[in-house]
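Let me give you the structure first, and then I'll get to my questions.
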Amino acid sequence: MKKALALVIAVLMVLSIVACASPASSNTASNSDSGTPANNAPAAATSSDSENITLHFTWWGGDARNAATYEAINAYMAKHPNITIIGEPVSWDSYYEKMLTQLSGGTAADIIQADYKWASDIVLQGMPFLNMKDGPIDYSAWAEMPAEYAGNKDYVMGLATGINVKALWYNKEFFEKFNLTPSDDWSWKTILEAGEAVNKADPNSHLLWANSDNLNAFMQSYILQLTGKHMIDTENYKITCSVEELTEYFNYVKALFDTGTLPPIEDLVVYEGLAYASQVPEWLNGQWGMCMTYASNTLQVLNDSTFEIGTMLYPVMEGATDTGISMMPTQLLCVNKASPYQKEALDFVEWFLKDEEAITISGLQRGIPANTEAAKLLEQNGVTNAIINESIAVAAKHAGSAEGPFDTNAELNAAALDYIYQVAYGVLTPEKAASQTIDAMNAILATLK
Amino acid sequence: MKMNNLKYNNLSKFKNRIGRAFSYVFIVLVCLMMIFPVIWLLTAAFKDNTEIFSSMSLIPKSWDFGAFKKGWQSVNGLTYSNYFLNSFLLVIPTVILTVASSCLVAYGFARFHFKGKKILFAIMMGMLLLPEQVLIIPRYLLYNRLGWLDSYKPFIIPAGFATYPFFIYMMVQFFRGIPKELEEAAIIDGCNSAGVFLRVMIPLAKPSIISMALLQFVWRWNDFFSNMLYINSVEKYPVTLALRLSLDSTDLIIWNQVLAMTLCTIIPPVILYVIMQRYFVEGISTTGLKG
Amino acid sequence: MKHKRKSYNYQRSHVAYVYLIPWMIGLVVFQLYPFLYSLVLSFTDKSMLTGGRFIGLQNYVAIFKDPNFKKSLVATLAYVAITVPLKLGFALFIAVLCNQKLKGIGFYRTIVYLPSVLGGSAGVAILWRALFSGRGLVNSFLTKIGLKSVPWLGSPNMASFTIALLAVWQFGSSMVLFLAALKQIPRSYYEAAKMDGAGAVTCFFKITLPGISPIIQFNLIMQTINAFQEFAAPYLITGGGPLKSTYLYSMLLYDNAFSFMKMGYASALSWIFFLIIAVVTLIIFGTSKFWVFNENE
């Protein structure tokens, strides 16, 4: 027994040393992501006309999107026998981090799905994705979407897969119960009045649910609608609003809690990290009746809610000159600048977004297609979603200017959220919160220059 | 004198019995507290999304094993059988190499005095103190250089070189706890240091070696972060990565399938624990020591 | 006797390096490089994909002006102070209980270990919310037995404790080590003590505790380090809130490195943190000569 153990240990030690001593020889066995031809092309592929090419495609998604994407990949490979596409689905919660790590290691996939919220950072980080502006893919059929969502006026980091908009959703039963009339001209004031009435009628019911993303977005919308100017001045890296104007917003937040429009902060904060309402028991039980959201979250919420859901225009202040409501992409498909097979990668992206077969396979898995011809085709085939359609149509009617590139900057958002919560918890008065928020955000903007 | 003794015996028996009853009550209470959340997860695997998030009841509306069956299927024709196999291929060599290398190194630290011991020990411990977050990128670059990405080498090979200071330090502590007289006896019997290590230290430290193997197994099995960074191909995904494949911010998540698979993935470590725990129970009989 | 012991060690001193070879190779090849790389980065303005200019001590100066640094340090210290004693006390207590010869003890021992096998899977986040949300299972139990419900995750004063409960619930690894240590105490010690008429309590304090003191030290140090570096629990459950009360240091690092892309700054933050943990670890090591009993020192 003891001898056997000694032997095992000895063998293992030797094995591990041998294994390590020959990293070069083991190189061929491992599938290097950098896509060096030597790794991917077997010896047989010496003929130049049909070079075998391996492309890596990374995306995030749930079961349905994963399945649809694989189906599309397989269809494409059947048509192009010399091209192998390796799908690399990564879960959403670690996607960004892995993508950044791979980009910094030069090992990122050739075709990369990205979120528009990363656009400003991607620009600051040296634009690692191929510029699609005036590129080989003609995207004239794409729905009108402000350039900021995919980079800036000169740099388009990827093509939008689908259309997304901010919206308000409500529980129809809840609205009936409390005699509320949905309409597309609800202002922030309407929400407050309705919220107060709901909470008076039933202290356990609250009109609105919002997560931390929603709270951030609504601060910027509120200031834009109030002042007619974007809160963050991208040219001069400054906050544009005055302390008084921001105080008005914080007063409004305080009123949301004081009137019971929003649930008590102690209850609300438990769910702040959730992307959508359907994991919130109070939403499912009909106690919290409305949420701020993105149209792309529809699938999950519709599936899980046992009641009917309606959609309304995102709130707009009376007399606002700019609604701040606009079309945004659900996701972007990008091509890695460092890819050795950019042309082939672009070919695939074009097919994926434009070919009839690909469109049919994808369906609504990446939202209502931004390619209007694809959207039309799906509608003809009866593949459509009433609520998303309605949200988009209403938003289009009331369109204002786009989010600024720093509106979704993670660091600025985190700083602002800090103060929103401090007001919610009553730690800071709205006046103090306003002046401190402006100072903190200005300080961060100075470092982004 | 005899009477006294008898009384004492009865009293101590009585005390013993009370102590035992107390132990039972307490351990059952603790077990209930520990197991309750696990049971909640188990029953949640039989509920639909709405029920999971809105109902507080432990008992699901129906006992449908569909989540286990459907959840087992994964993307592109793969199933959890593939992922389980991958996990084993990754974890088992890693554990064996960790155990072997950590024992060797720990013995060196625990039983010898040599030049620079304090500094080397401090360096070894120092490797534990720097937070992961900033080591991610350089480590990734290193493994990329070595051509190890998208394989299990970043896990297995470093394990052979005692790169888990946690286990080295742990074994140092256990080795230090072993009475020295036994080694001295072995040396007098003509053993060299390798002989002492293999014939005295390893058998004596069996409970701790088993626990090292168990802990390393459970941690590698559950490791998500480095798996996520180093493995790209779905065909090579271990279970931890597979479990998160269906989690998304916008797409539909069918939670009962996720939870059902979560429960399935804890089975191998639990079985290992059940098998290995008898080694904690047995302990070492004194006669076995000197052999 | 003492002299003899010394000579035994001395004679074999050169042999020690043979045992350390695998570790030394591993250290140089796998560990030192990332370690030093991060040290170098801490003096640069390295962003995720760009930059890398040498900027001297600017990052280190900036740390002391960063309001989040102080907040997260306080949150981390609070978390460590709650988690470590609770988890270790609990683990030792259960290990002693589980070390008894009781009927079905194997079963109980398995049950108490189950939560530790779950790790930080996505299910755990859902579970903790279901248990500790405003109208969660724990609160509905409390109100049923006539107590007031508690804002477990909603109150800045409570959230840290609720997060710590997750670590305490997963006390299995410490318990397994305590169990292994308990088993390693030669039974003859207890038999001898019994002969001398020592009771259970005396045995526990005179034999058990000194006997497992190296492992107590180990668990104390390792759990302290682990608690300092805890990431999964607040990341999964609270996201650092409310009011940054669970914004642990590793979250600050993560945010700076991967959300704000300030790799250089994050590296500087890490090295400050490294020093803090090192000091705490050294203090524990320093005090251990008063309470740790080693056979060979």
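A, B and C label the chains in the order they appear, each numbered from 1.
Everything that follows uses one rule, which is that a contact is a pair of C-beta atoms (placed from the backbone, for glycine too) under 8 Å apart; a residue touches a chain by one contact, two chains touch by 3 or more.
Everything numeric here is computed off the predicted structure, so don't read it as measured data.
Asks: Chains in contact with subunit A and with subunit B: which ones?
Replies: C
Asks: Two chains share more C-beta contact pairs than any other pair here; which two are they?
Replies: Answer by contact count: the chains B-C.
Asks: Report the inter-chain centroid distance for subunit A and subunit C in whole angstrom, where each centroid is the mean of the CA atoms.
Replies: The separation of the two C-alpha centroids amounts to 35 Å.
Asks: Quick one: subunit B and subunit C, Cα centre-to-centre, how many Å?
Replies: 15
Asks: Would you pick out the residues of subunit B that each touch at least 2 other chains?
Replies: 53, 101, 104, 136-137, 141, 160-161, 224, 244, 247
Asks: Could you check subunit A for residues that touch two or more other chains and list them?
Replies: 13, 16, 20, 104, 279, 281
Asks: Which residues of subunit C are in contact with two or more other chains?
Replies: Residues 22, 25, 29, 126, 135, 258 of subunit C each touch two or more of the other chains.
Asks: Report the residues of subunit C in contact with subunit B in the complex, numbered from low to high.
Replies: 4-5, 8-10, 12-20, 22-23, 25-27, 29-31, 33-35, 37-38, 41, 94, 97-98, 100, 102, 105-106, 108-123, 126-127, 130-131, 135-137, 140, 169, 172-173, 176-177, 179-181, 183-184, 186-188, 200, 211-212, 214-215, 217-218, 221-222, 225, 229, 231, 249-250, 253-254, 257-258, 263, 266-267, 270-271, 273-274, 277-278, 281, 294-297
Asks: Taking the touch rule as given, give the residues of subunit B at its contact with subunit A in the complex, in rising order.
Replies: Interface residues on subunit B, with respect to subunit A: 49-50, 53-54, 75-76, 96-97, 100-101, 103-104, 136-137, 140-141, 144, 146-151, 153, 156-157, 160-161, 194, 198-199, 202-203, 224-225, 228-229, 232-234, 241, 244-254, 257.
Asks: Per the contact definition, I'd like the list of subunit A residues that touch subunit B in the complex.
Replies: Its residues touching subunit B are 2, 5-6, 8-9, 12-13, 15-17, 19-20, 23-24, 26-27, 29-34, 56, 58, 60-67, 70, 86-94, 98, 101, 104-107, 109, 275-276, 278-281, 284-285, 294, 296-297, 299-300, 303-306, 330, 365.
Asks: State the interface residues of subunit C toward subunit A in the complex, per the touch definition above.
Replies: Result: residues 22, 25, 29, 47-50, 126, 129, 132-135, 151, 153-156, 238-239, 241-244, 255, 258-261 of subunit C touch subunit A.
Asks: Mind pulling up the subunit B residues that touch subunit C in the complex?
Replies: 19-20, 23-24, 26-28, 30-31, 34-35, 37-38, 40-41, 44, 52-53, 56, 101, 104-105, 107-115, 117, 120, 123-139, 141-142, 158, 160-163, 166, 168-170, 173-174, 176-180, 184, 187, 193, 197, 204-205, 207-208, 210-211, 214-215, 218-219, 222, 224, 240, 243-244, 247, 255, 258-259, 262, 265-266, 269-270, 273-274, 277-278, 280-286
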